[in-house]
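Multiple structures follow.
Below, chain A partners chain B and then partners chain C, in two separate complexes.
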Partner chain A sequence: MKKNTLGKAYLTFVLILLYAPIFYLIFYAFNAGGDMSKFTGFTLENFQTLFADSRLILIVVQTFFLAFLSSLLATVIGTIGAIYLVKLKGRKKETLLGLNNVLIVSPDVVIGASFLILFTLIGMQLGFLSVLLSHIAFSIPIVVLMVMPLYQEMDKSLIDAANDLGATPAQTMREIILPYLTPGIIAGFFMAFTYSLDDFAVTFFVTGNDFTTISVEIYSRARAGISLEINALSALVFLFSIFLVIGYYYIMRDSDTVGKSSTLT
Partner chain B sequence: MTKRIYSVPYFLWIVFFVLVPLGMLLWESFFDLNGHFTFDNYIAYFSSGTYLLMTWNSVLYALIITVATLVISYPVAFVLTKLKMKQFWLMLIILPTWVNLLLKAYAFIGIFGKYGSVNNFLQFLGLGRTQILFTDASFILVASYISIPFMVLPIFNALNDLDDNLVSASMDLGASRFQTFTQVIWPLSLNGVRAGVQAVFIPSLSLFMLTRLIGGNKVITLGTAVEEHFLTTQNWGMGSTIAVVLVVAMLVVMRLTKERRD
Partner chain C sequence: MKKLLYFLVGILTIIVLLGFTANRMKAADGVKTANNSLTIFNWGEYIDPALITKFQKETGYKVNYMTFDSNEAMYSKVKQGGTSYDIVVPSDYMIEKMAQEGLLMKLDHTKIKGLEDDDPKLLNPAFDQGNHYSVPYFWGTLGIVYNAKIVKNPPKTWNDIWSPTYKNSILLTDSVRDVMAMVLSKHGYSLNTTNRAELDTAYQNLLKLTPNVKAILGDEIMNYMINNETPLAVVYSGQAAEMTAENENLHYVIPERTNIWYDNLAIPKSAKNVKAAYAFINFMQKPQNAAQNAEWVGYSTPNTKGKALLPKSIREDKSFYPTESVIKDDEAYKNLTPYWTGVYNDLYLEFKMNK
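Moving on to the complex of A and B:
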């Protein structure tokens, strides 16, 4: 079993490597010295500066609002798209699926640049709306890919049964299909949410002067030099990510059992 | 028939956010700064040493990043499949991707900086401070660091689906561990590797924020050039031309790494 310990040691090493920069940031968030070169003493001052920085707080709120709204809309459109795509057959389905995946595989700069051309040519002011539309646009295919497999696996006789029992199409959708798809829909929403929170490249292209997100703000501040306020922010972001992951894990576990019970019927 | 109406938003999305933008990008690539229709952008691109060298460098960087990431990630994925709580450990590998990319880049500015930890350590060893930030090496390192989870995940999925009986059978038939790996495990995990290469190579061509923050404008990738032309020099035609090249490069990579079913 020597091989296994070697493997575990390697895994541990890579994990340390992966987390080192993150903990490095968080560690220096508590540094009293002004930069990340030397730890001179413990302080919470950087957090105080962060919370007093109303501009940055506003940007954080904006970013979350944008992520929430865009992923919500993307989830609605994407779920309908997934249901529609599954029903198609043959070449039409392949073509649409191919188009669906274009925004997932394209490099961010290409998406950003092409959206910038689009918004400019139709004469739209760059700002919240253009960023929102872009985020919805690149989130839709993610939702489709999360929801589609579930609908594909679904036993379609459930739908026939509902129809036979006199359910209207709307009732079948509400009572049978949507509950069955819930795990995929939640997963899609979460994925879209995190994509939106993390996105930098696309937002950077399509945002104007009056709207910015955390990523874009960090980028411009990082170019100006190190400020420990950003470290404090990263500490909070990391904590939040962990909560999000835990929450996601529990929601998926619970909804998974719901899905399973419906397959049993 | 009423169901058709519900799919309208999805169709509108495909038309207005997939087809139209890509079409416009292609269209724009045929215009010069004065708005005249021309092939000059393509001629300039393919005849200029600067652009070709940049493209070559960009592909080379992406290749190095992909290979480095693969070498680091494959053993990780392999070890993961052997563990008891593999989903938990996989989660730990994926978790760093939830931390904003810019924050991680920012961390490396601190780590690699002139007075950062690595240099402090080098100083401590008596080797003295060197310029680490704003070099090719730091760009490749950080880009690989960021890509690891995206490589581990698909390889893990492929290895996890692999039937253990095949490995046992190979061992029973007298194959050495090495032979089992090269003849059985590796070929069967290739689809995961292909997916991983896709997920790392294409984004590596367009990581413009890293080239700026970590590469210090010395590393110019295709992505950096697109950003530069669109947002700094406002030469959309040339920017679009490079973006079209980027799309073609993407299609080539997709083609080469297409999942194979035997």
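Moving on to the complex of A and C:
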């Protein structure tokens, strides 16, 4: 019993530690005082300036567009890669898996700089396309890691059964493998989405003339002191992420029940 | 499979919607083609957004506005290529470095109107004699901010902050050149000195400042000062302007022989639309626009006629528009060779480790 309360206290402490800065930031989004030094009164003015700043809104829309698109493409590529990787055997598999893991642990700065050098070497103009390509690239290994374990765990007799019943490989893929992998694929998508959304280091290197993301924009405002408009923006993005998580759980719960019923019938 | 399909279709719908919105927002800005667009690469929050709208209306050029956070970041973007900015805004020493490396276009003075409106003492700076590569955009000094509530005898010179009365009460900006400038200037040496003996003397003296230094920080200095938490800080006049606006106890002092800094408009060699770049320079040179920008950003404009249009309280503030006698000995930073940059960095690092 005593152990339990201790555990709870610890968990509460960790959660407070994790969430305090975020709530502190959001709290000041409603500050009339103009900076984060003192709370002088409640106002929605910061949200008004945020919505009036059409440049910042455009950047936000572009950032989310990039995040959704790059993680979708990375999910498709990564899923195919994961399925292929499981089918491989021996050394080749080890090597490819190792390469995949190296990309996950290598620092963003290195990845960003390498992309910059590659793009300028082939004479590509930096802009939306270069950012999209690099975001897809650093998201793929994450998707692979989310999908592959699930496929490895999968009872292979399901596939054998499908084959015995005369299913074509395409049918097996559609009816057995992909439904089974769905939770991993969706988790992979959301992981890639988060990575893309808050990546600064890689994006900074490969942005060009007509495209930028929230992280790069906020960073460049540091010299003049970041205004509460950014707090307001963070509050909205945080709210949006909570909706995403809720949506994620909703899909997961549903796909779990579907998975179970389909294996039963 | 159905779940996955629904999920994919949902995501695709969101993507199409976002793409559509982004396109509509861009179209509202006007369609950009190679001939009518102008790409500006500036510091974050360093121009009044209303001026960009005004520029687009007046000239018909559509602006792509991109931002950076340090001279070095901007430099590497321009140097590496793959980008085509039409206007960049480097500081003093970076202008010299970029010009030396052939990254900047030589300006055609016949195409620039209103250069004569700029304060003559700010033209022909050491880093770009004759303004061949740059047109001043904002300028200021390095100085001391003090809190009148805590500090009874405000410092007037660099030497004053060495006084034991300021034990553990000074915030320094984490920047090699600025910290070194402070002590070099105290000894009467050039801020760009490449004399090893002078640098060593300066370093030995810098060590004596250690007991007075409370912390070496970045942008957090502003908050500490505004909250009355620290008596003194060594900062740029631009930062000081923001602090003094927030807290009336704060005052800015320009010590003797300090650094004078400039941020400048320049055209990179890789620019695509040079005509638009000149149009933008001329637009920003107009006194009315210069004044509007200075009021929004809060830094000092080099444009004399523009300055005259500013409210009296700003225009006559000696901290941000000092008289010529105050800044006549001030020095801008020049670009140091890699060797001397290394020497400066080493000395500064040793000072920081001693702290």
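Everything that follows uses one rule, which is that the second predicted complex is superposed on the first by the 241 of 265 C-alpha atoms of A that agree within 3 Å, B and C clash if a C-alpha of one lies under 4 Å from a C-alpha of the other, contacts with A are read in each partner's own complex, and residues count from 1 in each chain.
What we mean here is this: a contact is a pair of C-beta atoms (placed from the backbone, for glycine too) under 8 Å apart; a residue touches a chain by one contact, two chains touch by 3 or more.
Because the structure is a prediction, the values reported are computed rather than measured.
What does the overlay on chain A give for chain B and chain C, a clash or a fit?
clash
Of the two partner chains, chain B (first) and chain C (second), which one does A:Ala222 touch, if any: first, second, both, or neither?
So A:Ala222 meets both chain B and chain C here.
Contacts for A:Leu197 in the overlay, against chain B (first) and chain C (second): which applies, first, second, both or neither?
In the superposed model, A:Leu197 contacts chain B only, not chain C.
Quick one: is A:Val237 in contact with chain B, with chain C, with both, or with neither? Answer first, second, both or neither.
A:Val237: touches chain B, not chain C.
What is the contact status of A:Ser37 with respect to chain B (first) and chain C (second): first, second, both, or neither?
So A:Ser37 meets both chain B and chain C here.
Please work out whether A:Asn100 is in contact with chain B alone, chain C alone, both, or neither, and reply first, second, both or neither.
first
More residues of chain A in touch with chain C or with chain B?
B
Just chain B (first), just chain C (second), both, or neither: which does A:Met124 touch?
A:Met124 sits against chain C, while chain B stays out of touch.
Just checking: does A:Leu165 make contact with chain B only, chain C only, both, or neither of them? Give me first, second, both or neither.
neither
First (chain B), second (chain C), both or neither: which does A:Val61 touch?
The answer is second: A:Val61 touches chain C but not chain B.
Who does A:Leu69 touch here: chain B (first), chain C (second), both, or neither?
second
Thinking only about the overlay and not a real complex, which stretch of chain B clashes with chain C: 111-119, 165-173 or 237-245?
Between chain B and chain C, the clashing stretch is 111-119.
If you lay the two complexes on top of each other, which residues of chain A touch chain B in one and chain C in the other?
35-38, 116-117, 204, 219, 222-223
Name, in rising order, each residue of chain C that touches chain A in their complex.
Of all residues in chain C, those touching chain A are 1-4, 7-8, 11-12, 14-15, 18-19, 21-22, 25-26, 28, 32, 39, 43-46, 49, 64-69, 73, 80-85, 218-219, 222-223, 226-227, 239, 242, 246, 297.
Taking the complex as given, what residues does chain B use to touch chain A?
Going by the criterion above, the answer is residues 2-3, 6-7, 9-10, 13-14, 16-22, 24-25, 28, 72, 75-76, 78-80, 82-83, 89, 91-93, 95-96, 98-111, 113, 115-117, 120, 145, 148-149, 198, 202-203, 205-206, 208-209, 212-213, 222-223, 226-227, 230-231, 236, 239-240, 243, 246-247, 250, 254.
Which positions of chain A touch chain C when the two form their complex?
34-38, 53-55, 57-58, 61-62, 64-65, 68-69, 72, 116-117, 119-120, 123-126, 130, 174-175, 178-179, 182, 185-186, 189, 204, 207-210, 212, 216-217, 219-225, 227, 251, 254-255, 258
Can you list the residues on chain A that touch chain B in the complex?
Checking each residue of chain A against chain B gives 4, 7-8, 10-11, 14-15, 17-19, 21-22, 24-25, 28, 35-38, 76-78, 80-81, 84, 96, 99-100, 102-103, 105-118, 121, 133, 136-137, 140, 169, 194, 197-198, 200-201, 204-205, 214-215, 218-219, 222-223, 226, 230, 233-234, 237-238, 241-242, 244-245, 249.
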